[in-house]
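Common to both upcoming complexes is subunit A, partnered first by subunit B, then by subunit C.
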Partner chain A sequence: MVDSQPTLERADDSYATGDDALFQSPVSAEAVRETNREATATAAIAAARATRGGRFRHILPSRSGKLVTGVVIVGLITLFGIFGPMIAQPPRDSSNEALQPPSAEHWLGTTKLGYDVFSQLAWGTQGSLFIGIVAGIVALLLAVIFGVFAGYFGGVLDEVLTLFTNIVLVIPGLPVVMVIAAYVQNAEGLGPLARSSLLVALVLGITGWAGSAVVLRAQARSLRTREYVAAARVAGEKPGRIIFVEILPNLVPLLAAQFIFGVIFAVLGEAGLSYLGLGPTGSITLGTMLNDAQTGQAVGTGAWWWFVPPGLIIAALGAGLSLINFAIDEVVNPKLRLAPENAKRQRRAAKAGKGVADTGAFA
Partner chain B sequence: MSFYLRRVAFYLVTLWAAISLNFLLPRLLPGDPAAIMLGKLRRASGGRPLSEETIAAITSILGAGKDMSLWDQYVAYWGRLLQGDLGVSSTRYPAPVADLIAAALPWTIILVGVATVISFVLGIIVGAWVGWRRGTWLDHLVPVTTVFQSIPYFWLALVLVAVFSVQLGLFPIVGGYDVFEFPAGPELSWAFIGSAIYHAILPAITIVLSSVGGWLLGMRNMMVSTMSEDYVVTAEAKGLTPRRVRTKYASRNAAIPSLAGFGIALGFVVAGSIVMEQVFSYPGIGKLMIQAVQGLDYALMQGVFLVITLTVLAANFFMDLIYGFIDPRVRHNG
Partner chain C sequence: MSGQAQPQAQAQATLTTTLEARNLVKDFRLRSGTKVRTLNAVKDVSFTLEPGRTIALVGESGSGKSTIARMMAKLETPTSGEVLLDGRTSATRGGGLARYRRDVQMVFQDPFSSLNPFHPILHHLERPLRIHNPRLSSREIRERAEELLERVRLSPAATFADRRPHELSGGQRQRVAIARALAPGSRFIIADEPVSMLDVSIRLGVLNLLAELQRQEHLGVLYITHDLATARHFSDEILVMYRGEIVERGPSEQVILDPQHEYTKTLLEAAADPDRLGRLRDDVRNGG
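What follows is the complex of A and B.
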């Protein structure tokens, strides 16, 4: 579609001259290289798009099969989470018969306490989505503070913020969440907040931002050296304005991708935490459903309709969000999309007998 | 050399940060975990008064009253830690925390270690192949792996148990070995090792199934990017065999980021296996952690958290050293 080769080479030069941060890990070094390369490619694509699409065309992922599938899955689950609780019976109505398999009356059967599983699932989806979105926002804010600020300002601030990010990155997440949850939830001073979904979401957000910060920092560092940022600086713009007006808008695809990662991380984290009995007590989430199923011996008694649906919703939600991320990824890194297409074209040409080698790396 | 010095410095700082976090959490968060813990211990010991020694251990781990400054507490905390004293467990009173961890650690390390290596190797090989055959039907494999990646570890474990253990009766439902056959606990015999392997199959399959997708995807994407590098074109133009181009030119370079990610991913595998161990009642470190958290056994919880962090840090450090050896660019550029 676009000849992005020359710009790619320029990006490769720029990373070689990058400063050597004292505690930069090989992982982030690799990320820098990758995103530098991606950055210029995005710019090239954006330039090509701008000529034929609308104003915001360049930040929207192209309409691919992956994107459509992902949006449909996530959309359906979100609609279920919003409207499901309105039409289903109350989730804690124990007047039904206990442990009924799926039937016309109870589409997904009932639990040991006679709760309707379909209704629980609707409320649980809503609860999990709430936690995922709140935690995703918290994680994204922290990632912007630690990633973009470090990448843009550089120097000592960068060293300190990057060191902190890398420390948070290597300390395993779930154990920290468990420890914090165990302390906070048994504290008396917090009142009703102590075991609420909001608190669970905050804990998950506070522990889940480091990976995004590494990616955003690499990108911000590459954007800092662009002419238009330099021009803004020379024109006397304040650093805050440069970050919010010049840098962040160019990070929108990455921010979206990182937010989606944050949501997946939080939904999975909440499920694990709740399954262990550390989740919110007041509200229903997909994780607390699984916890109820565990304590109710659902696996041993073969009540599959109790524990299979919540896991399927989590898996479908995660897969749908990942598919959207793929679509974003293919925009940010055009090689991922262009290379298979080229290979396909070449293979077709070889089949048609057009004299291109039909074996080897490019067939 | 300075690369290795920098890495050593980073891990020392991280270690210090992790231990300090462990020290600060019970003291800065609201609540009084030391009082809760002492109450639990008193009940566990049957109402008899606790020894001075035990009380001193608990207050140094979880926080003393206002009569001691935070700095003095910090010094005392480090003193105890360096002696390997992690306090006494209340859920398994009067077993010392350090002994409980020592008994549980090998189970997790062997299970998670072996399963992770299998998953990594499998993901790299299949990912390299899928990346090589880009643009064919194999590309559709990519979205499928994400479904596996998005499945919660423990839910997959639940389904596997329901199908293979409860319905088909092929595998044991819980435990790390047959407790009826070996009532005295673990022993060093072939029969015991066989029993342990038999019990480890389903947990290992769970870990491999839910982590292989990430490796496969990362490797495939790197392979696709690497294949459009100039040196691969050159190798092809020179007339090297496709096999040689694939293995010696493309795969070798494409695998580097995956190796770098190995350490970080290990943290996720450990986290995932904590919850999974609960499903299988596997006698590993995750089960211990869950037991501690559920029983509000703060001393045990702190000890397990510290050991998990140490293990993950050690694995990361080891991977970094190997990485510096494999990819000289990080040593000079990083």
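What follows is the complex of A and C.
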């Protein structure tokens, strides 16, 4: 608003003729609220002008410690997953000596079958990321269909979709995934798809969307009562366009968070499945590495270099994605941004004996 | 209305362009637990809106004003009764509804939620233009959108077109909302408390703009408000609503100066009156 303020005042002044006395109702909370909104808008625009991030700047999370840490961790793992396989030796090259500890030749040692652990790790990271992203996309699409459509249309459709969502929600996750995975892997007629990582990703995707759908439904129900949705209807927009053009863009931060949640769920789920021997057999993932390490008695023989690296990557990936999620949460709910600061201030006040709240209810 | 007068009135209605609400009723079913209660939000409301004239619908919160606005804008379906455009029953779906929307548009109460925060100002004007003029090229649409912005005194239009709603003040946003309502080339505007969310100092500006556009376009305006002062100023006729019913109607001067119904008198009492300036303050100072 910095440079638009003068135009605004001039324009409004030119109208403000006539007897204002008629309209001198007590200056209510509305005026105060308007001032506050102007201030917020001014700050937001100043920030936007400073960075000039382009069209989508306002939905991007602001730069914070959480976001930077998360992006760096996830970025490094992704780069490793993309470029690692290019520089490492073939992951199933068994010509190396077996069970070597880390050395200059094999940075992370070798497995019982003589595979290079670094190479396995690079391919495994790639495989796990692939499964995570595919499953995340599948889960997100299903969540949008079940959540946003139910929330927007309401009525009978809402009842049916919500009932289905709730059923999927209460079915315990991993056992179902195990049953489905075991079933489809032995099913005839799937050809090369059976026991592939794509199939595992699909299975994880179609079992992991229900939580997101509940969140999206609630938000869509809230957005559909906004006046801009009513205005779009009055303008003559079709329902499909209202959902995809008017509502979905305002859900983008939430969708991003749900997608990341889906990726975490899928990476961890895949690791669990593979560890149980139900993972993809054709490709290497972090989960299959752990499974190999377990069947190869890596713990018993003290070959820590075999199971620690994949475990660490899974943990770091989950942590990094969660950190990005927290940063996105702060976009969706700006109060969270101030919460730690407020809590600190209240604690300080309480210590100084000036606190109004007891311990507990912060911010 | 007697049996003889009705066909005559209908014949007249088909000749002129009018927007008519005939015996509108809206009931809401409220469910709390197993109990179902019916709320009669609007009970048998009729009025006729003519081009160039303004009808003010005045009443307290919850009196059913906004429900009438939403029914006129086809956002709610009446429980019974009908909305007639040019004397004919208006469509509720399909192409007929699209034609109705071209003629009847709405300005919403809250300019902070009636513009989509994600889209630039241009989008809000382009969409109705494009929906109702599918043959225009993108350049013509942009030109028309900028023309609309100029008409609501948001100039230079080019600088406003690409801004996002949060970069505009409340008054500017409401003017965008008015421009949007004009975009399809509408003949009737439903203005649902268009200035109640605005800063007191800019209310008059927005109302004057609306009145000026009304004169230029010969628009029929249904002005919904709880403010009797502006209703008197801007409308030809005032309908006073109380609990879903119209308790008093008539030319605006007459309703204000010679109120008949008890509720209208209460409303007038509650309004700020220059003659009583400072009396409340004195009451408070003197301890009641």
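Keep in mind that, in the parts below, the second predicted complex is superposed on the first by the 286 of 363 C-alpha atoms of A that agree within 3 Å, B and C clash if a C-alpha of one lies under 4 Å from a C-alpha of the other, contacts with A are read in each partner's own complex, and residues count from 1 in each chain.
Definition applied: a contact is a pair of C-beta atoms (placed from the backbone, for glycine too) under 8 Å apart; a residue touches a chain by one contact, two chains touch by 3 or more.
Keep in mind that this is a model prediction, so the values were computed, not measured.
Shared-chain residue A:Lys66: touches subunit B; no touch with subunit C.
Of the two partner chains placed around the shared chain by superposition, subunit C is the only one that A:Asn250 touches, whereas subunit B remains out of contact. By the touch criterion defined above, A:Lys335 lies against subunit B but remains apart from subunit C after alignment on the C-alpha atoms of chain A. Set side by side, subunit B and subunit C differ in how many residues of subunit A they touch, and the one touching more is B.
In the overlay built on the shared chain, the residue A:Leu161 is in contact with neither subunit B nor subunit C. Judged by the touch definition given at the top, the superposed model places A:Phe307 against subunit B, while subunit C stays out of reach.
In the superposed model, A:Glu227 lies in contact with subunit C only, and not with subunit B. With both structures placed on the common chain, the touch criterion links A:Leu174 to subunit B but leaves subunit C unconnected.
In the superposed pair of complexes, A:Met289 makes contact with neither subunit B nor subunit C.
The contact surfaces that subunit B and subunit C form on subunit A in the two complexes overlap at residues 16, 18, 20, 22-25, 27, 30, 34. Interface residues of subunit A, counted against subunit C in their complex, comprise 1, 4, 8, 11-12, 14-18, 20-25, 27, 30-31, 34, 37-38, 40-41, 44-45, 58-59, 226-228, 230-237, 245-246, 249-250. Residues of subunit A touching subunit B in their complex: 16, 18, 20, 22-27, 29-30, 34, 66, 69, 163, 166-167, 169-176, 178-184, 186-190, 211, 264, 268, 271-272, 275-278, 290, 293-294, 299-300, 302, 304, 307-308, 310-311, 314-319, 321-323, 326, 329, 333, 335-336, 339-344, 347, 359-362. The touching residues of subunit C, counted against subunit A in their complex, run 70, 73-75, 97-98, 101-102, 105-106, 108-110, 112-119, 124, 127-128, 131-132, 153-154, 164, 166-172, 177, 180, 183-184, 196-206, 208-209, 227, 229-230, 233, 272, 274.
Contact residues on subunit B toward subunit A in their complex (touch as defined above): 6, 9-10, 13-14, 17-18, 21-22, 25-26, 29-31, 33, 36, 132, 134-136, 139, 142-143, 146-147, 149-156, 158-159, 161-162, 166-167, 173, 221, 224-225, 227-228, 232, 235-236, 242, 245-246, 250, 256-257, 260-261, 263-264, 267-268, 270-272, 274-275, 278-279, 289-290, 293-294, 296, 298, 301-302, 304-305, 308-309, 312-313, 316, 320, 323-324, 327, 330, 333-334.
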